[in-house]
Amino acid sequence: MDFTFPQKILFKHCDPAGIVFYPRYFEIINDCIEAFFDRLGFPFEHLHPQAAVPTAQIETRFTAPSRHGDQLNLALGVTQVGRTSLGLECIAHCGDQQRFVSRSTLVLTNSQGRPQNWPDDMRAAFTPYLRSTP
Amino acid sequence: MDFTFPQKILFKHCDPAGIVFYPRYFEIINDCIEAFFDRLGFPFEHLHPQAAVPTAQIETRFTAPSRHGDQLNLALGVTQVGRTSLGLECIAHCGDQQRFVSRSTLVLTNSQGRPQNWPDDMRAAFTPYLRSTP
Amino acid sequence: MDFTFPQKILFKHCDPAGIVFYPRYFEIINDCIEAFFDRLGFPFEHLHPQAAVPTAQIETRFTAPSRHGDQLNLALGVTQVGRTSLGLECIAHCGDQQRFVSRSTLVLTNSQGRPQNWPDDMRAAFTPYLRSTP
Amino acid sequence: MDFTFPQKILFKHCDPAGIVFYPRYFEIINDCIEAFFDRLGFPFEHLHPQAAVPTAQIETRFTAPSRHGDQLNLALGVTQVGRTSLGLECIAHCGDQQRFVSRSTLVLTNSQGRPQNWPDDMRAAFTPYLRSTP
């Protein structure tokens, strides 16, 4: 199962070339992940400040540019649930054209910023979103 | 030879956990690359709108968090000069602690957004910054 | 009549003090105005690049801080329709607590950035949102 | 005496119309004020988290658009030192063309977000920057 997140490309996302300035994509990806945790019942604003889920690594291919007014659809899935980490894959389309593929690793940290194990309820909540594809 | 770019971590970069919100790092990396092209004599504001250098792919590991007030130093080098593409590696330290390593591929595009060959003078300007290391 | 725009305060909006970093409020206000023009049938992505609606002046009082997770509601109304300008007032609440009041003036410009008169259909579209209050 | 802060307009500041997206100006103004406190010997990163200086009110006129590559110069002065508040005026020029004028009021708050009196050393540090002009 995917978590889907619609995002219209707004004026604020675009650069002088009229396409999305790529750091804005990472704000969109972060919004998507924040909405995902919200959906799972673990909103970021409740996790903090006892815990946090910083991004340890992220790699993204921008396969086609997005323009102001484009209606993007992000599909987020879980690629791996580690002891303290979470692998995510986020694929964005506009209609049937892919715009980007992003893979990232989050880590659950405690209030001192040290990795901590996922509680059982969070681990269970991720399971339905696990992608079997490589 | 590296292109070096100092950046103090400012209030605007930081999140409620007091560390850099990672999409802000990509703004910093973009500023670093813009300053690099400036140094080479090809400022972005002169390239545009006849040409642009969108980022096609970027992968980043955040190896330690950065806090408000930290003095970062970014070292940018060229990993590959393709026909229309440019591979870059950007490594940030605060003192001798590494904060992130980012590798990206830019593409030179024309006013229609299609890849075009690097002109000889730009290609020559990149050469001193080529990293021999893998 | 007001145009209403809900906005949850997200992680990306907040600073190390855990409250909204005020430049992010201006992105939210801009999103609200963009959604307003969308609702009126004049989406920014259709106006551009033949026309634009830059902000000429804006004044804002932040009457109480907003925190991560707060559900804000923005109420946007028109205070004045000039020959080439538009006066707007945007008031944000969380529940019944006011968070900010912002008043701004937009100007309709042509592709050369010069002020131009509002077309009759746009002028008519603003009318229902005119606030009679001072 | 003014505090001066140079800022080149970068790619990230600009919108599809090729001019500065105005919320980015507020990030620039914030950077200027952060640099001002730094110069005075009270860097934000030392003030926090025992104190903070949130913006209570800001009004800005954008008198001419700024484009990518423009070299802006911000001149910051103090208009008023209240018991717990600070009035600032920030005027930006590119060459001799004015780009914006911004007036804001900051408030010194404690760790609970309540206003507190300026310590004598901070009050003294502001004095040389007081503008006599209305």
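So that you can tell them apart, the chains are marked A, B, C and D in the order they are listed, and the count of residues begins at 1 in each.
Assume a contact is a pair of C-beta atoms (placed from the backbone, for glycine too) under 8 Å apart; a residue touches a chain by one contact, two chains touch by 3 or more.
As the structure is a prediction and not an experimental result, all values here were calculated from the model.
**Q** Taking mean CA positions as centres, which chain lies farthest from chain C?
**A** The most distant chain relative to chain C turns out to be B.
**Q** Could you compare the number of C-beta pairs in contact for A-C with that for A-B and name the larger?
**A** Between A-B and A-C, contacts are more numerous in A-B.
**Q** Give me the rotation angle that lays the C-alpha atoms of chain B onto its copy chain D, rounded to the nearest 5 degrees.
**A** Rounded to the nearest 5 degrees, it is 180.
**Q** Once you find the CA centre of chain A and the CA centre of chain C, what distance in Å lies between them?
**A** The mean C-alpha positions of chain A and chain C differ by 28 Å.
**Q** Using mean CA coordinates as chain centres, what's the gap between chain A and chain B in Å?
**A** Taking the mean C-alpha position of each chain, the two centres sit 23 Å apart.
**Q** If a residue has to touch 2 or more other chains to count, which residues of chain D qualify?
**A** Within chain D, residues 11-12, 16-18, 21, 23, 27, 30, 48-49, 68 contact more than one other chain.
**Q** Which part of chain B faces chain A closely enough to touch in the complex?
**A** 16-17, 19, 21-24, 26-27, 30, 48-49, 52, 54-62, 65, 113
**Q** What part of chain B is in contact with chain C in the complex they form?
**A** Listed in rising order, the residues of chain B that touch chain C are 11-12, 14-16, 18, 21, 23, 68.
**Q** Tell me, which parts of chain A touch chain C in their complex?
**A** Listed in rising order, the residues are 10-12, 18, 27, 30-31, 34, 43-46, 48-49, 67-69.
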